[in-house]
Structures are given as structure tokens and as C-alpha cells.
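After this come two complexes, each holding subunit A, first together with subunit B and then together with subunit C.
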Partner chain A sequence: MNRRTFWGFTVPSVAVMLLLMVFPLLTTVWLGFQKLLLRDLNNPEWIGFDNYRDLLSDPEFWAAFRFTMVFVAIVVPVTMVMGLCTALLLDRVGRGRSVYLAALLLPFIVTPVVGSLVYKDLFERGGLLAWLWEVITDNPFAVNSGNVKWLIIIQAIWNVMPFAMITFFAGLQTLPEERVEAAAIDGADFWRNLWHVTLPHLRVLILFVGLITTMDMYRVYDQVFVWTGNRFTDAHTLQVYNVRIATAFDIGRLGKGNAMAVLTVIGIFVVLIPFLWRSYKDQIAERV
Partner chain B sequence: MSTVTLDKLTKVYPNGFQAITDLSLTLSEGEFLVLVGPSGCGKSTALRMIAGLEDISSGDLYVGDRRLNDVPPKDRDIAMVFQSYALYPQMTVAENIGFPLKLRKVAKKDRLQQVEQAAQVLELTEQLGSKPSMLSGGQRQRVAMGRAIVRKPALFLMDEPLSNLDAKLRVQMRADIAAIQSDLGVTTFYVTHDQVEAMTMGERVAVIKDGVLQQVAPPEELYDHPDNVFVAAFIGSPSMNLYEAALSAASGGEYHLRLGDHRLAVSPSVVHTRPGLAQYVDKPLVVGIRPEDLEDAAVAPDHPSDQRISSKIEVREALGAETLMHFNIAAPTVDSGDPDALDELGEEDTGRCTARFSAATRARVGDHIEINVNTDHLHFFDPSTHKAIRS
Partner chain C sequence: MKRTTFLSRFGLHATLAVLVVWSVLPFLWTFQTSIKFTRDVAAKEPVLWGYETTANAYRAFWLDADDVNMWSVLLYIAVVAVICIALGQIGRRMRHGWPWFASVALVIFAALWRFPKIWEANDEYDFLINSIVVTVLTMIISLSIGLLAGYGLARYTGISGAVILIIALGFRALPRTAFVLPYFFGAKEIDDWLTRTGVGSWNFPIIDFPGIDTLQILDTRLAIVLALVAVNQPFTIWMFRSFFMEVPKEIEEAAMMDGATRLQAFRKVIIPMMWPAIIATGLFTMLLAYNEYLFVRVLAPTEWTLPVAIVSLTGGESSRTITEAAAASVSITLPIVVVIILFQKHLVKGLGAGAVKG
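Right, the complex of A and B next:
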């Protein structure tokens, strides 16, 4: 391919990427160094690292950071284990597989806000689970700052698990049958087979699902906001906190909001380092 | 090491398809038996039933005195080599070979030693640390063999282990596998669709078609005395020429074979050594002629002139040591029932004949020549049952 053709094909997509990704990102970084208020958008004022200093000394930032970390640390592994188990079970279903598949995918297909609202309804006054709670414990169920974190976590697992399941299920379909049979003859029972044949085969996908869900869960917003609104600040994740400070009251500190967005990008990157390092090593190993 | 007995093994799938019907075979201790048949004949199903990967619908399977019908694969003391090798990609060669030992909780020290030994037999010592993806096809095949031999099982099962190799390597591995098997003396059940592989490797060869066993015999016997038309056509390359023909008595105790427009003298001894043939005189029968029983009359002029046919050469394939000639002899051919051969035999091929001439032949495409037929080596079959006519 000559240079002209190469650029001819490449430039459009590079231009779109620059326009839609790199330019906004740079703007965000730039805005993070400004004092910019919602009611006065035309007068940004350069204040250096003041926004960052503000953020990092705010106890609510650290509360949101802590909960986000706990949230990711619980939701990601539980999602992956449950997704894998469900995929293994689904793989054994002979008849009516597509019905089960469709049913299992439902939480993933529903818009997160809608799903969250439906789920929330179960715990509201007159909701099925709230009623059940009352029947069993004789106390009315009330959402409070103690249990709301767990309700959010359970819902996130319910919401994301189908993604892990469908990915692992697809991976299982490509596992050569002869390899499983060879292991059976070599003497592997179900668990040995899982450990020595199935999991190594799914390795790349496990890495992929881990990467995507970690990223998604670190940035979770809508499911949490539906539950908390501006209350229960203990259960705010970093994104909810971010939106809150950027739009709070009538002043709306957009500069600080942008600084927070930059911190999120850095945070995600740090969290993903183990995954990125693993897949980098895999790539290198394959090239040899 | 033990005898293996298949007693009326039958496989019926839930959809009613009967893949194997009453398969009975006995492998003596240390025997190398090859099960051969065209694609889709059920040979792999038979192997998978022995391995325990498929349920046995009816019949019994014994290794030694142990009935294995309901024993799970891992407890059958059987090792299997798959067509795709089925290696574990994330493990090194050493780990692959040692895997069955590891699962059987063999101590690490013994394990390494046994892996080393197997690697030595298979000339894989240098590759022990490599992953399967770095190996050539032949090396992968040997790793799969290593995983089988390291366990010292009672029975080897091999499912077309050479079909993914190129032709040259296949010839070498054929000899290697046969040598390793006879060294270890482990009873081996080998499945292939390649009759050359079957003939060169098997102590005995079992030919199967549509799930029904056709004949079990040592290779030479299978070749010289096929039990039916299918075996006759399936074993041997190029395959036997088969035609509808008729035998009639002539003066002086001689017989004549009418083959299309041709008339061949058949000596009385041919009929006498096959007592059953007398009943077929003046009736239709199927005659089989091996390609090597045909020769260019110009090369062997001493051959009796009443044992000749004439034809025009259509295709000539010089192979060096011999020359294959294709021509038409205007006699109706007989369908042997080999599904793999059907594609080759179009309708216009009626009467087609393949001969294996010595390299001395001067005949070229388009030449009209006389062809000697060695009528002492003819094969005769019943036209309706397709069974060999002997006694």
C-alpha cells in the first residue's frame, strides 16, 4: 500500500478520534486548572492545582473513593465467578438453551436506570421484597445508609453478571471437544477438567471481562444515583460525587468537576495496571 | 496388557440411527488391530465406545476379565491418541506427557523420570520445555503418543492419528508407531480410513461398512481372499476392477468368461479350487480383476492369446517402477458400495478399468493395445449377495 492510500484510509478515523476523544480530554485537563462556575461560564480563571487540592482534602471525596473501591472489589470477582458458573450450567443445557439464554440476558439488556428503578420498587413500601421482609421479621423494611450499600452492590452484580456469562458461554463454545475427552481419559474429574482445560481456554476472556467490568464498575453512576439521589452520601461512588460537586447548589463548580474527571481517568488506569500488564505479557509470549 | 473382547457391541443414537451393529472382535494380548472403513462407517464410534466417550447401547466390552460397559473413561486403563492430538496448549511438552501421571498422583520424581523415558523413545527430549504451539505437526503427534505411552495402559486407542500429517511424515510415523507399539507390546486398536495405513500397520485388519463388520483377517489374506465385493474394492490401491460377467463351459473341460464383448479362457483348475463356482456356470456373476493381474501384451508376449482383451489407452500415469493405465472395456461395472469412491465413478465411467503395467510398457495414450489377463487370479462374487464364491 502506498503512503497516499494509507493516509486516505487512516485520516478520517484518526480525525474523528481526535475530535471526539483527544480534544475533549485535553479540554477536560485544561478546565481542571480553571475556576469556572455554572452561572458564569464566560470567565474562567486559572488557579493551578487549587481544584485538586480542594478535592483531595475533602473527606467526602475519600468516602466516595473508599466505597468505590469496596464496590469494585466485591462486584467484579462475584460477577465473574457467578458468570462462569452460569455459563458452565448453560453449556450443559440441551433443550431450550436459547430460552434460558434470553432470560439470563434480560438484566443486561434493560437500561440501567430502568432496571434500577424496577429493582428499587421491590424494596419500597408495598414492594414484594419489602413485604417479604416484613412478613419474616415483623419489622417494616426501610432503606437506610447501612443497607443501601449492599442493595447497590447486589443490584450491580445482578446487572453485570449476564455480560460475564455470555462472554464465557461464547468462549466455552470454542473449546475443542477432543481436548475435554482427552482429559477425561487421562483421568480428570470435573474439577481437574475445569482447572486444567476449561479455565486455561477461557483465560483471555477472563482477563477481558475483568478489565471491562472493573472499568465499568469504577465509573458506575446511574444505578447508584437512582438509589441515593443526593442522600446517603456514604454510598456515593466517585462518579456520583463528581456530578454532585459539579452541579451542586446554584454555583456549580465546573472546574472542580473537570479536575475530578481527570482523577477518575488516572484512577481507572491505576486499577487496570494488573490487567494491562497481564495482557501485555501474553502478547509478548505469543510473539516469541 | 490384556486381551480385549467386543461382544456384539451396538450403538443406537437417540434419533434412531444405528451407527454400529453387533460388532464382535477379539484382540489378543499385544496385538495391533486396525479398524478401517470409509468415512461415516461408524469406526470412530466403535473406538469411542471402547474409550467410554459414548455409551454402549447393547453388547459387552471386556478388557481382560473386566467388563467395562459402565466404567467411566478415567478408570478403564485405556489411553487414546486423537486425530487433533488434543494437547493442552498452556502446558509444556513435559507437562502434557506427565499430565495423566499427575492426575494419578504419581510422585513428582517418578513422574519426571517416566516422562523423560517416554520423551527418549519418541525423540522429544529437546522439546520437553516447549509449548505445543511451537512444535511441528509431527512433533505434536509424538507428544500425543507420549501422553498415551507414559501411562503403560492396558490398551491403546488411536483415532486416525496420522491424518493431519503430510504424506512424507505420515509414512515415517507409520513405521515409528508400529515400532513403538511392538516394543511396548501394548494391545492397540487403531482406526483409520486409509487402507494403506491399515495394510502396512495392522497385524490384523477389520473392515467395517455402515456399522457392520465385513471381514477380519491379516492384511495378505484380506488382499488375496476378500470375503465380499466391498472388501475387494476397498482394500488395494488402485482398487480392484469389478464387472458383471458370465462363466460358461467350453469344450475340453475349459471355461470361458464373458466380459462385455471379451471372451477369456479360464482354466479348469480355477473352477476346481472354488467348488462353489460350478453352480454359477451360465449364470450372471461378479468378477474382480486386480490391476496387477493385467499386463501389456507387448511386454509379455508369451501369455496365452485366449486370455487377452483389447482396448484403447485413455490415461497413463507413469510412477517410475510401474505405469498405471486407464482404459474402458465395455463391460458393466459393479458398485462396491464404498461411499468415498462414488464421486470418482461418474456414470460415463461404466466399464472403466485400471491396470498396473510394468514400466517397460511402450503404450501411450490413444494406442489400441492387447492386454493380458491373469485368469488364474480372478475373484468371483455372487451378483446379489456380493459374497465371495469359494466353497
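Right, the complex of A and C next:
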């Protein structure tokens, strides 16, 4: 395909990405240097790095940062181990696999805010698990600023585990039967088989799921917002904090919110650039 | 070669059953809540069996009148569903299925159009329509430009192709918040300009839709669609590209030897082979648009879609809104359940493809 045909095919998509992704990102950088209030959008005022200074000295920013790190550090590994175990189990099921798959996929593709709402219902007054808690511990259960963090973490695991499961499951389908059989003939039991045959086969996928899940959990918004609203500020993740400072009624500071978005983008790219560079090399190698 | 004893098989299914319960328990509980009377929901000990059921919550969420027999509404939905399934099944068995699938769309359209004429619907019905309009438009625009770009990127060997792909991959990792604030600001600026210059109140013959007298961006479905198309583009082009890579070059080259132009070869030869890919990518695009919350909340303060409507319901704490929110949750989840059941194979394949290639 020559260059002109290529651009003919890609121009609509590239135009959309330039106009609605590159340009807005540049706007974000510019807005990050402005003093700009939500209720007075017509008078931006250049204030240099003040928004950034303001952010980095805001204890709520650091609280959100800490919680996001803890959140990612717990949710990602647990999700991956659970997903792998479930995929291994599913792989051994003959009949009824699609029924299990349908049920297990539901939390992942349900509307995120609805997923959080239905999960929250279990812990509300009169909810099933709140009642169980009361029966077992003899104390009434209420969602408060102490336990809401744990509820958010558990619900996030519930929410994203199916993604890891389905990806590993797809990977297991491509595992050549001969290699398993060869290992079995050599006398490998289940664990050695898992360690020496299955896991190496899934290595790329494990990296992939780890990366995607880390990114998704780092930028989680909907699910957490449903649990906290604008209360429980301790349990806000970076994105919830970001949207709150930018759009909260009356105190919304769009400039500060954009500065925060810039920090987020920088944070993501610091992690991502090695992977992007590797993909770029792969792409170039593939083309020649 | 796997010899399994009864005991290990039992253990396997028991473990999976526990996992299934962990996955669907919240949904079952919410469904129960949605069909209970308020007194049972508010009871100190959960009423698990033998409670009286009611459709009050559904009526309160969807309809304006409180004397409607909900069985008649259910019958209406069931009849529409049966007609659609029948037409769809016929279409699948035909060589040219598209007239049948088109008539499914027509039936759904007619049913949605008739519904508020038979029963007095609430605002929430408008939000459902918004959800559907946003989802369908996002799918159409996103998939058509994505298909073209995916094809170009799969076949072109220059450096610029690789650069576009990598930049798109980077964008895919960025959070909504990096885009929603500039979108909001930009839309506001455009709207201000439209009002200031008076362009917004011009009468364009083409966009003179009934009910729209001023042209604006903020608080319209168009704003949501544009935002969703943009953030969905990186995913779409990667997905389509990986599917196009599987189609051998020789196929369209043969068609082009026979005198077809590249565009003709693409339309007549390649696209018909791509339906599984289009369905898989379309499913994910559909879920993205249907599930969107943040963009709608910020860019459309009154033109809500269903997720925003549901979250706004749960602001209150009385048990009346608990049942109503539950009914709303069930209503919004049911279409997704139908999608999983109908398209499970495509979903699994799509997730697998994204993973193995990406």
C-alpha cells in the first residue's frame, strides 16, 4: 500500500485523535497554568506553577495518592492470582463451561456505577452482608470512613477479576496439548507442570494483564465515586480527587484540576514509556 | 488423557459454584430488593423467602402514573422480544440476513416510539432514549472510521503507521479526567462563541431538528458521542488492525488484479470477511458507550443517560429510593445480560484477540 492510499484510509481516525485527543491534552497543559474558576470561566489568569505548588502542598492530594497506591498494590496481584486460578479451573470443565463463563463475566461488563451500587446494597442497612456481620459479630454494620476503603478494594477485585480470568483462559486455549503430555510422561505432577509449562506459556499475557489492570486501577473513577460521593475524602483515589477539585459545585477550580490531570498523565507515561518503546521496536521489526 | 475421579470433578464444580455465587450474589440481592415491598426491605432481618412481590419500584422508576398494571407492560416487552428473536433467527439462517436484521431494528424503534404513547413515561424514559441514541451513534461513527484506519495500518509498512499505533497505545492508557476538563472548557468556549456571534441561532435547513432551536455543544448528546468516539479510537484501531493482519494480502491483491480498485476490494471482499471482528469490536464499543458515567455527568448536566440517572437516585436514604434504585439497576443490567448470552463467543474472542496481539 502506498503512502497516499494509507493516508486516505487513516485520515478520519487521525483527524479525530488530533482534534479530540492531542489538542485537548495541549489545552490541559495550558489550563494547568491558569487561575480558572468553574463559576467564572471567562477570565483565565496566568499564574505559572501556582496550581502545582498548591496541589503538592494539599494533604488531601497526598491522602488520595497514598490510597491509590495501596489500592493498586492490593487489587492487581490479588486479581491476577484469582484470575489465573479461575482460568485453570475453567480449563478443566468440559460441559457447562459457557454457563460458568457467562456468570463470571457479569461483574466485568456490567455498568461500573451499577456494579458498585449493587455491591453497596449488600452492605447498606438491611443488606444481606450487613445483617450477616451483625449476626456473627453482634455489632451493627455501617459503611464508615474506616471500612469503606476495604469495601472499595474488595469490590474492585470483584469487578476486574473476570478480565484476568478471561485473558488467561484464552491463553490456556492456545497451550499445545503435546507439551502438557510430554511433561506428564516425564513424570511432572500438577505443580511442576504449572511452573515449567503453563506459566512460561502465559508469561506475555501475565505481563499484559498486569499492565492493563495497573493502568485501569490507577485511573479508576466511577466505582470509587459511587462508594464515597464527595464524603469519605480519605478513600478518594487520585481521579475522584481530581474531578472533585475541578467540578465540585461552587469551589470548582478548573485550573488546579487540569494541573492534576497533567501530573496524572506524566505519572502514567513514566511507567508506560519502556513498554511503548518496546512495542515500537516490535512494530518496526514486524514491518521490514 | 485427563482421567478425573468423581471426587475431583465434584470439587471442581463446587469451587466454581462458589466463585459464581461471589460474582452474581449482588445482582440476585438487588433483584430481590427490586420486587419487594418497602416494609420487607426495611425489615431488620432480611426477608429471604415468602415475601409478597410487587412491581411498584419499576412503575415508580419508569412511569408517571401509579395505576398501571405492570403485567401489561411486561407483556408488551415480551411480545417485542419474541418478534425480535424470531426475526433474528430467520436472518441467521438466510444467505442474505440483513433485511431481517434491519427489520429487528425497525421493530425495536417502533416499540420504543409507541411506548410513551401508550403509557405515560417518566423522565427516565428520555434518559433511556438518550442512552440508546448515544450508544448507536458512537458505534456507527467509531466503527466506520476505525475500520478504515485499522485496514490502512495493517497494510501500510511505513514508519508513520508505527508512530500512529504507538501514540494511540499511549492514549489508551490515559484517564478520562485528562480529557473531560478540556472538553468541557472547549465546548463552553464554542458555545460562547456561537451565542456571541449569533451563529447558534441561525436556521440551518439541515440541522433544523424539531425541538432544537439553538445550536450548541455542551449539554447535548452530540458532545457525549464525540467524546466517546475520541477516547474509543485507540482501542478500535488496534483491535481492527489485529484482525486485518490475519487476512492474507493475497486476497485483495487477487481482486485488484481482476480490475477492482483498492476501495472496491476493501468493500466487496475484505469487509464481508470481517463481520466477526466488527461484532466483537462493536460489542466493546457498545458497552463503553452504554456504561459511560463521567463524560455524561460533566458534559451534559441535563441530557443524562441511564447511569447518571441511577446514581442521582441514590442520593436519598429512604427505603423507597432503595427499591427504586434496585429496579433501575436491574433494568439497566438486563440488556447487558442478554448481550452476554447472545454474544458470549464474540466477547471471549474479542478479549482474547486484544490480549494475544496487543
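The rule is simple: the second predicted complex is superposed on the first by the 262 of 288 C-alpha atoms of A that agree within 3 Å, B and C clash if a C-alpha of one lies under 4 Å from a C-alpha of the other, contacts with A are read in each partner's own complex, and residues count from 1 in each chain.
Assume contacts are C-beta pairs under 8 Å (C-beta built on N, C-alpha and C of every residue); 3 or more make two chains touch, one makes a residue touch a chain.
Since we're looking at a predicted model, the values are computed, not measured.
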Review point. Is A:56 contacted by the first partner subunit B, the second partner subunit C, both or neither?
Key: neither
Practice item. Between subunit B and subunit C, pick out the one touching the greater number of residues of subunit A. Key: C
Review point. Does the superposition put A:266 against subunit B (first), subunit C (second), both, or neither?
Key: neither
Review point. Now for A:192: first (subunit B), second (subunit C), both, or neither, which partner does it touch?
Key: first
Practice item. May I ask you to decide whether A:126 touches subunit B, subunit C, both, or neither, giving the answer as first, second, both or neither? Key: second
Exercise for review: With the two complexes superposed on chain A, say which partner A:181 touches: subunit B (first), subunit C (second), both, or neither.
Suggested key: both
Check your understanding: Regarding the shared-chain residue A:142, is it in contact with subunit B (first), subunit C (second), both, or neither?
Key -> neither
Review point. Should A:203 be classified as contacting the first partner (subunit B), the second (subunit C), both, or neither?
Key: first
Exercise for review: Check subunit A for residues that touch subunit B in one structure and subunit C in the other, and list them.
Suggested key: 181, 184
Revision key, fill the gap. Contacts from subunit B onto subunit A in the complex sit at residues 51-53, 72-74, 76, 78-80, 82-84, 86-91, 99-100, 103-104, 147
Study note, to complete from the structure: Residue positions on subunit A within touch of subunit C in the complex are 1, 3, 5-10, 12-14, 16-17, 19-21, 24-25, 27-28, 31, 36, 41-42, 86, 89-90, 92-93, 96, 98, 100-107, 109-115, 117-119, 121-122, 124, 126-128, 131, 158, 162-163, 166-167, 169-171, 173-174, 181, 184, 205, 208-209, 215, 218-219, 221-222, 225-226, 239, 242-243, 246-247, 254, 257-258, 260-262, 264-265, 268-269, 272, 276, 279-280, 283-284, 287-288
Exercise for review: Flag every residue of subunit A that touches subunit B in the complex, lowest number first.
Suggested key: 176, 178-179, 181-189, 192, 196-197, 200-201, 203
**Study point:** Contact set on subunit C toward subunit A in their complex
**Key:** 1-2, 4, 12-13, 15-16, 19-20, 22-27, 29-30, 33, 41-46, 145-146, 148-149, 151-153, 155-171, 173-186, 188, 192, 226-227, 229-231, 233-234, 236-237, 262, 287, 290-291, 293-294, 298, 306-307, 310-311, 314, 319, 322, 325-326, 329, 332-333, 336-337, 339-341, 344, 347-348, 351-352, 355-356, 358
